Amino acid sequence: MDLAVILSVLDATIRLSTPLLLACLAGLYSERAGIFDIGLEGKMLAAAFAAGAVAAISGSAWLGLLAGMAVSLSTTLLQGAAAITLKGNQLIAGVAINMLAAGMTTFLGQTWFSQGGRTPALSEGGRFSPITLPFANELSGVPILGPIYSELISGHYILVYVAFIMVAVTAFVLYRTRFGLRLRAVGENPKAVDTAGISVVKQRYQAIIITGLLCGLAGAYFSIAQGSGFGNNMTAGKGYIALAALIFAKWKPVPAMFTCLLFGFLDALQIRLQNFELPVIGVVPVQAIQALPYVLTVVLLAGFIGKAVGPKAGGVPYTKER
Amino acid sequence: MNTQRPETAAASAPANGWAIELEKINKRFGAVHANKDIDLKIARGTIHGIVGENGAGKSTLMSILYGFYTADSGTIRVNGAEANIADSRQALALGIGMVHQHFMLVDNFSVLENIVLGAEDSGFLKPSLNRARKELDRLEKEYGLEVDPDAIIEDISVGQQQRVEILKALYRGAETLILDEPTGVLTPKEADDLFRVLETLRAQGKTVILITHKLREIMAITDNVSVMRQGQMVATVKTSETSPEELAELMVGRRVLLRVDKTAANPGKTLLEVQNLVVADDMGVTRVKDVSFAIRAGEIVGIAGVSGNGQSELLESITGMRDQKSGTVVLNGKPLSLEGDDGAARARQAGLAHVPEDRQRMGLVTTFQEWENAILGYHDKPAYGSGAFLDIAAAKKAAADQVKLFDVRPANINLKSSLFSGGNQQKIVLAREMEQDPDVLVIGQPTRGVDIGAIEFIHNEIIKMRDEGKAILLVSVELDEIRSLADRILVMFDGVIVGEADPATATEGELGLMMAGINKTAPRTIGIAEQGPLP
Amino acid sequence: MSAHRPLPRWADIALLPALNLLLAFLVSGLVVLLVGENPFHAIQVILYGAFGYGDGFGYTLYYATNFIFTGLAVAVAAHAGLFNIGGDGQAYVAGLGAVVVALALDQTHWLIAMPLAVIAAGAVGGFWAFVPGWLQAKRGSHVVITTIMFNFIASALMVYMVNRVLKPASTMAPESETIEVAGRVPQLRQFFSFFGYSPVNLSIVIAIAALIGVYILIWHTKFGYAMRVLGANPTASRYAGISNSKMIMITMTISGALAGMVAINEVMGVQNRLVLDFVAGAGFVGIAVALMGRNHPIGIALAAILFGALYQGGQELQFVIPGITREMIVVIQALVILFTGAMEGLFRPSLERAFMLLSPEQKSEAIAVSTAKPES
Amino acid sequence: DPAVIYDLGGKFDKSFNEAAYNGAEAWKAATGGNFLDLELQNDAQREQALRRFAGQGANPIVMAGFSWTAALTAVASEFPDTNFVVIDTVVDAPNVQSILFDEHTGSFLVGVLAAMKSETGTVGFVGGMDVPLIHKFYCGYAQGAKAVNPDIKLIENYTGTTPAAWNDPVTAGELAKAAVDAGADVVYAAAGGSGLGVLQAMKDAGKFSIGVDSNQNYLQPGSVLTSMLKRVDVAVQNALTEAADDATFKPGLTVLGLANDGVGYAVDEYNEALITPEMTAAAEDYKAKIIAGDVEVHDYTTDSTCPL
């Protein structure tokens, strides 16, 4: 393989891992605060739809993004009301959110736009365009490093850069700030947090608000950056892959980035491996590569490669008698 | 209630004034009236003890003071000023700190992080951590509370964790410190250290509220003591003007006969033999280290020890609930095969019954009806249905018999088990295990959380079984219980049986020393364990 | 333990779900209103479509058959304290077992093909749940996550199997060969012309048998007792000598086998071949059905019929009111899961308070409990 | 009333199903008649939809898509008095008209145009679901490209193997980008709704795409080189007119090709600047030769091979 092919695959890897990474970080905030979130998929889908719809109507990608984040946030708050305030089962709340999003997006899409659930294709301004980083063109002539900078690093949508910056931000917030300390504590031992005079409920809501906003970014990426308009079930299970990545990364931000890159890479490879004859193995069924992230997660969970131990209080609603 | 109320001690304002005044505090949990019209005044610069049976409402009252629960009614005054304590933050702001019965620490955080949590100075952690490190250094020097600030909580001992809790409160500027049963998990040595710290605190003018079940501790360290019974405050007295006997009577509401009537044991052949048993806990730490002993028919062997020294693991391993690393358990001459997660079934088949330490976590399914619990562990018996099917009528019949025999109240086998009180739940478990006519009965904490009336009944049943020629292994953290029931006492420390004692002759002091793993010549300061034999 | 006075049984199993359901429908009605249609008309159409004529009723029963299987699958696991989200995947792979047997035996007689296919589908579906069960029992991996993962793995596997193994070279659509008549499960319409052309078939008899079987299993066998102990308190079950790991594996296998019966209904009873995604989300509906049915066979049967009616009525809705698509049904379903499952606590406190005030027996029971201490 | 049932891609997929819808609308405009229609949500609904429409007396019933074979085979015999028209597959029944298109010849012509437009000597193809029908598109396209430039490099991809492949613009777009990275400057999208992703990606890359089924030139003006027209709209309009009456109903197989304008390529104001007169000349030349039988385009579905 020559440099161009490698760059092409890596370029696609970055594009494909971005929504995973955003969703994975979203899940990280919520799960670190002790709320299991299998509703990432639904929130992304809802956001993708809202972003696509508003961008189509307003012609502004930024308004679309805003709408996506707002809808994702309200979906998250609904889930939070069930899981935090009403102390319902967090898993069931997630399942419900996923179904609600799947149904509502297509239903509203069909009613509003009559395009089989799709939103109209976006005009020029309705969609984010790739950003060329400074000197990208000038440096492209430099051997090896030039193309890497100008093709691989430069020329992505703004959300791509946001996603990767969020990794550093998340790591900082989690380990270096008061908010992060409390967030981690509330996911490990909410009672300790409560007796320390901090409201568990407030802390958890703060966490899921971030989750909602990040899921909004992830969803918007599908419809107004990577794609041009919303399509039915556009997220296609990426929320679950992000969840798998979160577990795989043991709920840590930097490993989360690498896991998402790995899963994105598998996806990029899968697209390019169609009909591609590998030496010895022959043609690998595309389905095998598609299933790989799930299989890897199961293997990890089974403790064959390390052990994934989540936040201790995860999944348990915090009850305090009054 | 026929006890006359002793004069409430120190009714007039003390020299330093009141640190805390509680008036007419009420708290209900559903149908349980946990605190009824509680009045309590605590003088500044004193150590104030609170005693009372399990479930008397002590923890509830302190949780109200600490803002963890809100009282249904009543007033709280702190330093003379009326205070509305809606949450723990406000309690902390008023200078009230609490060390809970179950520690409130984040296990995978460092000591420093735990101390800073909730008391950070700013949005960023670094400055807070730096300040905490310095402050910790000072507190350490001032009170002799030594801990490594960078250690992770789950790696340090229980005693150290408790220090972290105290440091947490002091770091937040606590003037009044509440300690809820702080010594339950400590070795006598650690308890001594703790009391030294408490005395230093008092010397610095701080107020300490100490909840404990150990009257000796009350007598040794407190200035005043309050007694609670069934949700009510029955008395507050000066420690110097009372005695353990009087306190016990106040707690229960009648004269307590702490002695058990029993005849001398008449042991027969060996029924249970434990050989070189090694057992690890859930974390893989070896907790039972090469333990061997034997129990004969018609005798009760008690295992004494501070909790956490391997007794639970020993019990669980003998009864097939926990895999053993090595060693054998021989029952009635035949080795028991206990491996696999259904070892308990084979132990039962071989004739070993088990009353577990924690009835709600283990011995009962609290969401089941009483009759369903009456066959738990024996549901596979042909008596409760042939083949794969369950004979509900037979099970209900057995349940009704058990309820009658053990006087379980209410005598309703269709009632959900969680609706029975602690003592009655314990009776349900005892009835089930004893009615199966086992050869060996293993009992853990038979009277934990059980009131005095039920204790008498349970103790008598245990003696009766012994007299029928059963072998009984008794594990209890209540030294008094062991001393009054057992025919032989084995003392366990750090996973080893460090000695055997005859309950008739051994003094509490000797036993205490063994339990602490200290030989008799070790130097001591505050002499809590240095008491004579039982009255 | 909780400080609440529990509700009387009937309120807990009937009134509370009914209230939650009502709320779900109310919100759904608002959604219908939102798109400018009349919710009452919509309800009328749904009711008529689902129950108003033979064909419609047949379709309702056909959908309900699937939901009974997946609902039971969720419920059986739930009794043992396991949340099986993998019913979809289990039903999907079970299609392999069903179609292989049916295609092999479709020259004989359905009386031979059907029982063997039931066993094969149950075995394959059971296996697909056994593996997560094994992972939970032996390796401590959370069954919720693994069953989700197994849904995706199942979907990839089935796409491969259908495209590369089962699909005859000549066909365009990804589907297996068609099963001959002798290998199909007979349709009820062959016996009752009432059902018109609807695809309700003898699988519904298996579903009824499964309902009864599960009832007996859970409440009248020692195994069921052990399952419930495990579900309510895993420590107590170990104390009782129950092998938790074995129970988990066996229960998951039973659960998966039940979900696998969807394949009999779909592959041998309706489609007569294996098509992609024939489960069509029935596994997830099973969660709603089990939640609503309070994990009890009678409740599950009723909830399954309710959802069957919603599905069939929703189809009807699409014919009659083009403004409302079938997605509306997914929305209702999600709302039902949300309100009866995750927001179950919404009405409970106020209902409990109301009962405390209203019911004298409750009060006396409360008093009995608080005075249950032996007198001192 | 007649009824039209669309396939899973949905009525407004800007491609195959939309063409069917447009045909029905054209029929409505021309005759003033009314038609019923339905969008499928999943595969399991096919028979129910057919029975439902037939049961309520719809005639004829037109359905678009190759997935109807099994359902229609079952239902057609139940309603002998109803006329059915199915597009893209063959169902052998006395009351069924099956309409097939010569997609390979239409694709051949756009292949010619692609090869002539390409400066890199590499052209791409992104198919929807990986089924013989779409291989038929590819094979015709490849033959056309090779006819112009025997050395041309072809990149062949499919979005997926399930019906979801018709509705996955993201993957289709990624495939197009991969093709561009591998040197392609024209990519033909035969992928239903997924094709929109290809059109977008090629536009973003500043390269050319070729649309399919409907005229998609307007979607990305200046970037869509042309569209391979498959006149499903004409087929549907004719079917609605003819099949309503047993006298004009033509059961059996109907094949629409270049000769009867069933397939072709689109030139309109959006793309006329992209196509040079030489390109038009070459395409028209091949068209005439194919109709005359001078050039034979191999149909992949006849033997599942593509001789290149």
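Things worth noting here:
All chains are identified by letter, namely A, B, C and D, in their written order; residue positions are counted from 1 within each chain.
In this section, contacts are C-beta pairs under 8 Å (C-beta built on N, C-alpha and C of every residue); 3 or more make two chains touch, one makes a residue touch a chain.
These numbers were taken from a predicted model, which means no experiment stands behind them.
Centroid distances from chain D, each centroid being the mean of CA atoms, peak for B.
Two chain pairs, A-C and A-B, are compared here, and A-C has more C-beta pairs in contact (counted per touch definition above). Work out the mean CA point of chain B and of chain D, and you get 78 Å between them. Here the CA centre of chain A is 30 Å from the CA centre of chain C.
For the pair chain A and chain B, the distance between C-alpha centroids works out to 47 Å. Distance between chain C and chain D, defined via averaged C-alpha coordinates, is recorded as 40 Å. Shared contact sites, meaning residues of chain C that touch two or more other chains, fall at 3, 159, 325, 327.
Each of residues 29 in chain B touches at least two other chains. Residue numbers of chain A whose C-beta contacts span two or more other chains: 117, 287, 321. Viewed as a network of touching protein chains, the structure does not reduce to a path, ring, star or complete graph. Listed by chain label, the pairs that touch are A-B, A-C, A-D, B-C, C-D. Considering their complex, residues 175-182, 184-185, 188-189, 191-199, 312, 320-322 of chain A touch chain B. Every residue of chain C that touches chain D in the complex is listed here, in rising order: 55, 59, 159, 163, 169, 171-175, 178, 197, 199, 266, 270-273, 275-278, 280, 315, 318-319, 325-327. On chain A, the positions that touch chain C within their shared complex are 38, 78-79, 81-83, 86-93, 95-100, 102-104, 106-108, 110-111, 117, 237, 240, 243-244, 247, 285, 287-288, 290-291, 294-295, 297-298, 301-304, 321.
Across the interface of their complex, chain D is touched by residues 4-5, 7-8, 11-12, 15-16, 114-118, 121, 130, 222, 226-229, 231-234, 236, 268, 271-272, 274-275, 286-287 of chain A.
Every residue of chain D that touches chain C in the complex is listed here, in rising order: 38-39, 41-45, 47-48, 51-52, 55, 66-67, 69-70, 78, 88-89, 129-133, 161-163, 304.
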